[in-house]
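All chains are identified by letter, namely A, B, C and D, in their written order; residue positions are counted from 1 within each chain.
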C-alpha cells in the first residue's frame, strides 16, 4: 500500500498548479464577473488534458488514473476555474469533442437532489447536456430544452438556466454507467471543494498575518488562530478522504467504492463550507465586500455541495451501509 | 405584561438559595456519594414548600405559581440536591403525604423516551411510583415491581433500578392530567437544568480566574474566555425559555403551553449539557477527577436530559407545530 | 411575573395595528435597491407619515417629538411593525438610531434645534463615519485627522462602511484631534454636512454586488467648530453613548423578522417538491427546524426578559452583547437552513418556479455580515467574558 | 498512489492475524479494573508472549529487540490488533511508548542495558512523572526540585496524573535542577526507581470513580546521578523527544477501536427497542451516524496519508496535532451518540437488558479526558496555528 503521491504525481500537481496560477490568477475572478470573456481558456484546459487525462493513450488521452484527475481538479478548485469542467470530463469518451474541448458539456444528475425546476449550469456554452438517471445516461440537445435564464446566478461565474421540463434525448449508456459517472462526478466535485478548502484556509491565514488590529496581527489572537487551525484540520481531512476515494476508484478491490466516494463528498463539502465561512469571518468587513474574492469561493461551494449529492444525502447513504 | 420577577419572587429566590447553600453545600455531594446519609433533608425540603408550594393554602400549600416553582427548582438544580424532587412535586395533591414529604414519590413518564427496560430512579426510598401513560396517570406500589438494582448508577446520587415489566397499578387521573403532569415535569426538569447551567458556568469562571498557567490566570486566554462567554449566553437563554414556559403555564392564554414547555426543555437541556462540558474542559485534568464536583453536574444532566422528553423529542414536537 | 398584556398594552397594540393596516399598503412597493434617490424619497416619505401619525421615534423623549413608549410598548411596536411588513427604517437608520439619540444626550441647544425634529420628520438623512480601513474591531485606532484652524476643523482621512452616504445630508464623524495621546483619548465627534467641498463618496459593493455601503474620502474638508458634539478629545465617550443605542432594542425588529422568516422557510419546505416529495419529509430537516424555532423563541424571550428588567432600572440587566451574539449566529444557522430548503434552486438568486429564491438567498448572504458588523462575535465574547463575567483582560 | 497491499504486507497481516487468533483467546479474560497486582500480571504476561512471538516493540529498532516494522506495517499491526480485541497495552504503556523510546535515543549504554529489553519483555513497568498540580498545559512551569548532593539528586515535590504508579518499577521523572533560569531551561530528566524511600503514591480517582491515575509525593528522594538521561538542565529537549512519540502512531490503535465502537453503536441502535421500534428508525440519528462514519474513516485515511508521507521522510508531514485534535473531539461526538442510543438505560453504568451500558458509558466518560490529556485541544490549535500555519505567537 502506498497512500502517498508518487514523484510523478507530485510533479503533475506542481506543474498544473503553476499553469493555473499563471493562466487564471485570482484577479480573473473579478474580471469575468464584470463581464470579461476568456475565449481560449477552455481550449487550453483541454490541451492540458483536464478532460481527457483518464482516456487511454490510443483514444487521445493520457492514460492516467482517478488519483491524477483528483489532483488536477483540486487545482481547478483552488483557483476557482469556471465552466462545466466536471461534466465535460465525465463526457470524454462518451460525447465526441468533449475530450478535446471542442464540445462543452454540461449535465444534470437526476439520481440525487431535488430537481423541480431543473437548474442547469453553463447551458449557453454547452453543445450537449448529459443527464444521469437511474435507468441510464442520456444525451440531450441543449437547443431542445425550453429554458429560462436566471437573471442573477448565485455564483457570478456560474450562469444558470432553469427549465420546468426536460426532453428525454438519446440514451447513450446503461444504468451501471450512470452510476459510475455519478460516483466520478461526486469525486471530482469533492476534489474541487478540497481545492477551495485549501485556498480559503490559505487566504485566511495570509490575511491574519497581515491585518493589524489592537497593535498586532489579528492572527496573534487565539480566537482567530484557533479558527484557522480548524481550517487546516478540515482541509487535511478532506484531502485524505478525496485521495482515498480516488484511490479506491482506481483499485476497487481495496474497499467499497460507493462508500469511499460518499465520504469524500461529505467531508470535502463540509470542509469547504466551513473554511469559506471562517475565511469570511477572519476577513471581517472586507470579507463581506465584492472586491475581496472570498465570496466567490463561498458561492461556488454552495453550488458544488448541492451537486452530485449533498452532505445530507451522502450521510444517509453511508448510514445505509450499516444495514438495518 | 411583566416578564420579570416581582420583588416577592426575587425574595423567594434569594431566600431559598440561601437555605440550600447552607443546608446542602457542594461538599455534600462527595459525602453522599461516599455513602453518607442525610435522613432529614427530605423533610426540610417539604417544610420549605418544595412539594406543596403550588397547592392552595386551604390544602396545605402556599398557593404559589409555576414561576415560583421554577425558581425553587432552579436553586435545587444549582446545588444538585438529590432525590425525586420533580416526581414528588407532581404527586402533591394526588398522592397522600407527597406534599408533606411523608411519602417519597418517584415515577416514569411513558409518554416519552425509550422504555425497555424500565429504569426507575430512587425506587428504594419511594412510597409510590407515579406512571404517566397516554391514557392517564397510574399509581404503582413499589413493592409490586420486580426490579433489579443497577450496581453502578451513572450519577452516584441517583440510584436506579431496572425492571422488564411494570404492573398496571391503579389509575388515579385521566389522560388530560397525564398530559399536564408531563408538561409540568418537563418544566421543572428544565428549571433544574437551568440551575445546573448556571452552577457550571460559575464554577468554570471561578476556576479560570484562579488557575494560573503560562504566568497568568487561564481566563485571560481567549480560548477559555470565549468558551465561558458562551456558557453565559446559553444560561441566559435557558433562563428566558424556562421562565417563559412557567409563565405560560400560569396564564395559558398568553401562548401555546406545550410549545413553550418543549422549547424550555430543549434549550435548558442543551444549555446544561454544553455548560457542563465546557466546565470540564476549563478545569483541565481536575475536571476529570472524582474530587472536583464538576462530574456530578454532568452526570445529573445526562439523566435530566433523557427524562420527560429528550432534546430530539422536543425538537420534533416543536417542528410538528408547523403542521405539514 | 405576569405575561398577560395590560389593558394599556392591548390598546397600544390595537391602535398601532389598525394604523399600520391602512398605512403600509397605502405606501406602496419599495423602489429597486439600486435607485438611491427613489429609495430616499420612499424611506423618508414613510418616516414623515409615521411622524404625522404619532408613531415616529418610538423610544425618543416626547420633549423631542418622540413617542417615549415604555420598553414593553417598544417591543409591541417592533412585533406589530414586523407583522405588518412595514418598511425597513432604511436611510433613516443612522439618524434615528445613532445621530439623533446622541444629540439628545450630548448636543448643544443649537444642534438639537437644527437636527432633531428634522431627523424625526424624515427631512434629514444621516450616515455614520466611524470605521476606517485600519480601524474596524479596533475602532479607537482611527486615524482621520482634524486640525483646528480658527473656527474650523480641517479634516483629512478615509472612512469605510458608511451606509447611505450616497443620499445623506449629514455624517456623524469621528476624527482624531490629538495624535499625541494614544487611542481612546484624542478623538472628537463632529457633525459633518455632506455637501462640504472635499468629500468624495465611492460605493463599496458587498458580496451581494450592490452598494448600501460606501467609502468616504475626506480631503481638507472644513467643518465649523460649532458642529462639535461634546468636548474636543472627548469623542470616545460620546461614541459610546451612541454605540449603546446600537446594541439594545435596535435589533428587536430584525429578531421578529427572523422568527417570521423561519416560519416562511418551514412553509416553503412543505411546498418544494423532490420528484413529488417535499423537503419537509426529511425528518432530520424537520427536527432542525424545531430546534431553530426553540432558539429563536428563546432569543425573543431573552430580549423580553432583558427589557422587563431594564424597564425598571433603565439599564439592560442582561448584556445586550449576549443577545447580539446569539441573534447573529442564529441568523446564520437559519440562513443555512433556507439554502438547504431551496435545494438546487440555490444556484440562482432570482425567484424561480414560485420559490422565494431572491429573498432567501439575500438574507442568507446578508447574515454573514452580522457576526462582523457592530462588534464582531469575537468582540462580543470578549465583552461578555470581561465585563459580565469579570475575567481578566487580555491585551 | 496505490492503495493495494503489497505481497509482503499481506503476508505480515496474515501472520499477525493468525498468531493473534490463537494467542488472544488463550490469554483469557482481563482481571477486574481495581485489582492492580492481577492487572500487572495480566498485562506483562501478554507483553512477554508478544515478545516471545516476535511482535513486541513494533516500531522499536531490531537492535533493541523490536520488530522495526515499517509505518504501514505498524498500521496493519494496529488494525489487526484492534480487530482481534487483543489486550490494551495497559501498564506497559509508559515504558513502551515513552520511557523505552527515550532511552533508545538518549540513554547511556548502561541505562539501555538495564532497561530496554526488560521493558520489551514485560519485566519492567514504568510510569510518568511529568505533570504537577500547577504545571499542566504549561508543563515547563514544573517545580519539583532536585538538588545535587554528591552523586545523588535529592528530590522534593508533587507529581500528578501518574498512570500505573501503583505497580510501576520506574518513573520517568522531570525535575527542576536550576531554579534561577526560567521555565524550559533548568529541567532535568531522571529515571526514578519506585522503591526508593520517600515516595508516596496516592490514588487519584477519576470521574469513573476508579484509579488508573495517582498523585506521587516526593520527600527527599535520593536518585543516583547515573540515572540522569541527557545532560543536567537539558531535560526539556529530552522530554520533547518523548512527547513526539506520544502524538504519532501511538493513537492508531485507539482510532481503530473507535471505528469498531461506532459500528457497535450502530448495531446496538438497531436492537434497542422503544415500545417496539428501534433507535435506528430515527432518520436523524441514522444520518448522524453516517456523518460520524465519514469522519472516522476520514481520520483513519488522514493517519494513513500522514504515515505514507512520513515513511519516506521519517517525519510526519501532516501535524500529528491535527490528528490528535480531530480524533479526540470525534471520540466525544461518538460518545454522545452512544449515550443517545442507550436512551434511558444511560441512567446506569452496569449492563442491563442485554445492552452494553458499561462499555458505552465508560468510553463516553473516558472521552472527556482526551481533549485535555497529552496536550489539550486548545494547545493543539495553538501548535497548528503557530508551527504549521506560521501565525504569530501569543504570549
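For the reader, a short list of remarks on this structure follows.
As a convention for this text, a contact is a pair of C-beta atoms (placed from the backbone, for glycine too) under 8 Å apart; a residue touches a chain by one contact, two chains touch by 3 or more.
Just so it is clear, the structure is predicted and the values come from calculations on it, not from any experiment.
When chain centres are set by their Cα atoms, the one at the greatest distance from chain C is D.
In terms of C-beta pairs in contact, the better-connected of the chain pairs A-D and A-C is A-D. Centres computed as Cα averages put chain C at a distance of 52 Å from chain D. In whole angstrom, the spacing between the mean C-alpha positions of chain B and chain C is 39.
With centres taken as mean Cα positions, chain C sits 38 Å from chain A. Along chain A, residues 221-224, 226, 312 each make contact with two or more other chains.
Multi-chain contact residues, meaning those touching two or more other chains, occur in chain C at positions 282-284, 287, 378, 381. Within the complex formed with chain A, the chain D residues making contact are 1-6, 9, 72, 263, 266-267, 269-270, 278, 280, 283, 286-291, 293-295, 297-299, 301-302, 304-305, 307-309, 311-312, 318-319, 322, 325-326, 378, 380-382, 384-386, 388-394. Considering their complex, residues 282-284, 287 of chain C touch chain D.
By the touch criterion stated above, chain B contacts chain A in their complex at residues 221-223, 226.
Against chain A, the residues of chain C that register as touching in their complex are 131, 134, 136-138, 141, 160-161, 204-209, 272-275, 279, 282, 284-285, 339-340, 343-350, 352-353, 358, 361, 368-369, 371-373, 376-378, 381, 395. Within the complex, the chain B residues that touch chain D are 113-117, 119, 121, 148, 150-156, 158, 160, 162, 164, 212-215, 221, 223-224, 277, 280-281, 284-285, 287-291, 294-295, 298-299, 302-303, 306-307, 310, 312.
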